[in-house]
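Presented below are the structures under discussion, each in the form of structure tokens.
Two complexes, one shared chain (subunit A), two partners (subunit B, subunit C).
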Partner chain A sequence: MTVDRYGRRSDVAWGWRLLDVLIALRRRLGVDRFEPYRPYLMLAPALALVTLLAGGIVYLVYLSFHSFDTFLLRQGPWSLEQYRRLVEPPSGAFNLQTLQRTLVISVLVTVGAVTAGLPVAYFIVRTRSRTMRIVTLVLLLVPFLMGEVVRAFGWALVLGSNGLVAWVLSWFGNDSGGILGTPLAVWIGMMQVSIPLATLLILPALTRIDPDLERAAATMGAPPRRVWRHVVTPLARPGIAGAAAVVFLLSVAEYDMPAILGLGRLPFVANVIRSIYTLQNNLYLGSAFSLVLMAISTVFVVAAVAAGGIRRLRDGGGDG
Partner chain B sequence: MGRVVKGTLVGVLALVALPMLVVVVASFSAGETLTFPPAGFSVRPYLDLLDDEVIRVALARSLFVGGLVVALAVGAGVPASIALVRYRPRFRLGFTAYLLLGITTPLIASAFAFLVIYTRAGLIGRLWPIAVAITVANLPFLMFSVASALATLDPHLEEAAATLGAERIQTFLLVTLPGMAPGILSGTIMIFVLGISEFLISLILSTVATQTLPVAIFGSLRGPVPPTLAAAAGLYIVIAFMVVGVLTSLRTTEQFFYRND
Partner chain C sequence: MGASDPRRDAAPAAVASDRPIVELVGAVKRYGEVAAIAGVDLQIRPRELFTLLGPSGSGKTTILRAIAGLVDLTEGRILIDGRDMADVPTFERNIGMVFQSLALFPHMSVFDNIAFPLRMRRRGRAEIARRVQEVLDMVRLPDIGRRRVHELSGGQQQRVALARALVYDPKLLLLDEPLGALDKRLREEMQLELVRLHGEIDVTIINVTHDQVEALMLSDRIGVMEEGRLVQVGTPEEIYRRPATRFVAEFVGRANLIDGVGEDGGDRCRVVTPSGVAVTVADLPGGPGAEYTAALRAELIDLRRPDEASWPHRLEGTVALRVFEGESLYYEVSVPGLERPLRVASRRRDLAVGDPVAVEWDPEEVAVVAADGP
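Entry: the complex of A and B
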């Protein structure tokens, strides 16, 4: 160990020296002047990124309220032309049917995912086996990270004409060749990510429920069905509403499952929006359809969240 | 625990795992097209995958996009989470709601919003704008992860460090940052995988010259499917399992989804 003429010891780790440099630099630059703005400066990059999207949405609104000459590919004056074209012939009926299909299947997916997710979340919270909890969490997390193309591909192999289900059916002399191209196939495919999502979003609400409440209800003679109906479900309601909102939002934008499992026969709004862009090169009509979908899903989400909150208040006031 | 709960659990786990199993089994098929059950087994699909020029190039693009998504999301998301959780600025709720715009907008609408501004700016046909769009759509996942790590970090530790005479920078680098490290790490891994597996935004914004791997896989699904595709899908499943395994061993999965607070 040596000591130089400033009294610095050679064995002092370079990390500490680096810290000294940083501290000195901070003083020299007078960083403290910006102290009141610090949280805003730290937020700035993220806000800038999101502002790109916000700007894009504003631009969608601008485009959707302009007329567009699809022959000359030229923008016209302000008008409601795009919204009229969405609902009027020749493609109005098709668009409305697509919108209806998207919303109906999304609602069915949401209901199915929440119904199946609640018991699974309950198991994760109440099981005493740490191994089972981890196995369940791992299996639920993997579908998110596979990506939607791989999920759709997997289901195509299960449900397709050369797939697992068709093979099993053929044992029983049923050679119908799978269920691809049906709404059921699309629904099943969408459930693979929706149930895990619903489960993981309901979890925090369930962990906050005191297990003694259930024990108390059981002691008072309530059968499990009534414990669920009057204790667990009402207390989990905010989580259920949140899960329903997120699953619905994810479902209305679905693209792969209708394209692959629906064989393109059952397009969702996203499929139609993309073909408006690729086949007609019409950004104006596509903007209008995107905004309609966005508006409708926002109404659904606000309704779900409001239902979760208001019901909870009412339940607090007594047994409804 | 009731029979209904256990029955649902078994059903859900089967539903989630079945397609993954089938993909993995199919990825070892011999023969030219995929059928079930496979005609025979071989590792050829994985070897063909290495030789497939289209897939190799698309994979390189996906990895580039994933890397850029991580850089952008960590650079913007980590400071933003710290600011929101620790400094509680004015209009905190407003800022949070704004930053969640990427997941509260239906993905197809976000993708189309980016399409119109990129078309206007002449950015279609480049790869980095796709990464920017994916970052915005997935930023909240990283922020949730970092914020939940920060929320479990005892603020008294930082106060104690300050009381003991630590400078601001020292407190941040030696107390706050190590405490948040598992959260940042798991958020980073998660957003990387979301970046390389993202499909819809890439599909809408890409041209033939900028197809990422999921878009390339989707494009080859029409018609008879070669086993190579199952091998590519199998790789994504293996990566997803490895990542979840790492996240679980970091104990952040339980901390994140199963907190007793």
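Entry: the complex of A and C
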């Protein structure tokens, strides 16, 4: 062991010396000048992501407002041609029907998922049994452990001509051979993820409701049904609106379930856009269709959030 | 026994009926191994303000919730107006209850909060408006119907919660420590408000608190709870002057507990500690020779300089602590032979730490409790 002229022992504190070097370097470079900007720097990844997504949308808008020669595969001048083609013959009626089907089934999925998810979430929040709470939560997560396609084929087995549903139907003299290829099949397939998703999204809103509110309502003469209607549901509204918005957005963009459980007979917008992209090689028309769907879903989501009381979300669930 | 209570004398509607409005018979509530209520028999008389007093976790809130039907008993029965409540759900019991958290609905205005029980009873619009206004006047908040709950101060929220529990004229009002969260001044104001309301309306009130001052001040009768059991039921004066157990003597008021053996010392009985300190008392309920605890209330004993001492019922020591408390001073006097100094609330201001003093008392004012056993 030696001691240098600054009194530093050679056998210890290499780590401290390294820190000294770093601190000196930091002073030399004047890093502290940037200190006030640090919060903004930490936002950078988020900003980068938003910019990337926004850039993509801008590009879609750019494409959708140009004409395109499908024979020469050459971009033409600015025009409304794509939007016109979307609604005019030959495929206009088909496109509109697809759009309608997408929206109707998505609304039905949203309503079903929230209606089923609310009581499940309530059970998880209020059950006294820790075991039941954990078991329910794990069961809710199971559907997410499987790939969408695997899940779809699983349902195809259940709903198809040799499946459970066809067998049960045959008891009642119905030999139609299952319900595969019907809107009901698509709806059922989509509900499997949507119910757990809605449940998990409603959960935090219910957790914030003071159980004393329900007890108080009961002492004041409200039977459980009316406690539910006048106390629980209104207080869970922000959570319900949020869950509805998310489930709806994911449903509108659904691809596998209509493709597999609809047997290709019941395409959603996403399925049609894919065929426009890959079979017709027409990015321009596909962009237009995407943007139309996006605009319509945005209206739906804004309506849902407004109905759920965006003000209340800001007040922290309304327990102010 | 209520005759000595001046407030009761002022209220003409005296305790008339002999049938209890609420009756608990052998009530037990167990959560797994733990008994929150360990066998309670209790009768609440019509029109009285009864307080369940006890430290937290003593089971007083569980009793209240069981009466409201929010908790099912493991054993025993609850009768309201003579009717067994086992199969009557909370919403059919017609009980008013104010929760510790107040449980005002945050998504409703003050008016809608108070109108809620009336709407559950499907009353008409005009009647609802009239009744809500009446109770708002009653709690002295006539103009706040349109406000939202979170715009109110703590004291106002308290009154709204009370108004909401009274708007449908329940015969029974349960209060689950609703005053606990308020600051001292507001709490005292609300306590007086409660006494006033109780005098004005025909309602039986069961109040739960751990605040012994509140219990003594408000109640017609008090039930003291310890570990799921009701250890004493009586008027505030009985509880204060004649505690049934050492626990009650310690919990209610500020008492100096001195443990010893009872001796019959000629004209006066005494409780003598193992170290030889003797406390003169009025009588020994179980005769001489048994173990007793003498409770000297800090407020009921006084200090003298040794040369001023006027009678033999006293202990001599030195002032160990002197704290100014406003209306009185708080002294601690260490007495040779006692483990803990005696606590005394006195008006005397001329004594300093280190001064020799005599602590004096009237033997009639000393509560004597037979030892609780081992």
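Going forward, the second predicted complex is superposed on the first by the 264 of 320 C-alpha atoms of A that agree within 3 Å, B and C clash if a C-alpha of one lies under 4 Å from a C-alpha of the other, contacts with A are read in each partner's own complex, and residues count from 1 in each chain.
Note that in this section a residue touches a chain if its C-beta (ideal position, glycine included) is under 8 Å from a C-beta of that chain, and two chains touch if they have at least 3 such contacts.
Values in this document were obtained by computation on a predicted structure and should not be read as measured data.
Look at subunit A after the overlay: subunit B and subunit C fit there side by side. By the document's definition of touching, neither partner reaches A:Arg17: not subunit B, not subunit C. Of the two partner chains, neither subunit B nor subunit C is touched by A:Arg265. Once the two complexes are laid over each other on the shared chain, residue contacts for A:Gly56 go to subunit B alone; subunit C is not touched.
In the superposition on chain A, contact of A:Asp212 is made with subunit C only, not with subunit B.
Ranked by how many residues of subunit A each touches, subunit B and subunit C are led by B. Subunit B and subunit C never share a C-alpha pair closer than 12 Å once the two structures are laid over each other.
Of the residues of subunit A, those at positions 224 touch subunit B in one of the two structures and subunit C in the other.
Subunit B makes touch with subunit A in their complex at residues 1-2, 4-6, 8-9, 11-13, 15-20, 22-23, 26, 33-37, 72, 75-77, 79-80, 82-84, 87-89, 95, 98-99, 101-110, 112-117, 119-120, 132-133, 135-137, 139, 143, 167-170, 173, 190, 193-194, 196-200, 203-204, 214-215, 217-218, 221, 225, 229-230, 233, 236-237, 239-241, 243-245, 247-248, 253-254, 257-260. The part of subunit A that touches subunit C in the complex is made up of residues 210, 212-213, 215-224, 226, 230-231, 234-235, 312, 318-320. Contact residues of subunit A toward subunit B in the complex are 19, 22-23, 26, 38-40, 42-43, 45-50, 52-57, 59-60, 63, 116-117, 119-120, 122-127, 133-134, 136-151, 153-158, 162-164, 166-167, 188, 191-192, 195-196, 199-200, 203-204, 207, 224, 246, 249-250, 252-253, 255-256, 259-260, 269-270, 273-274, 277, 283, 286-287, 290-291, 293-294, 297-298, 301.
Those residues of subunit C lying in contact with subunit A across their complex are 65, 68-70, 89-97, 99-101, 103, 105-107, 116-117, 120-121, 150, 164-165, 168, 174.
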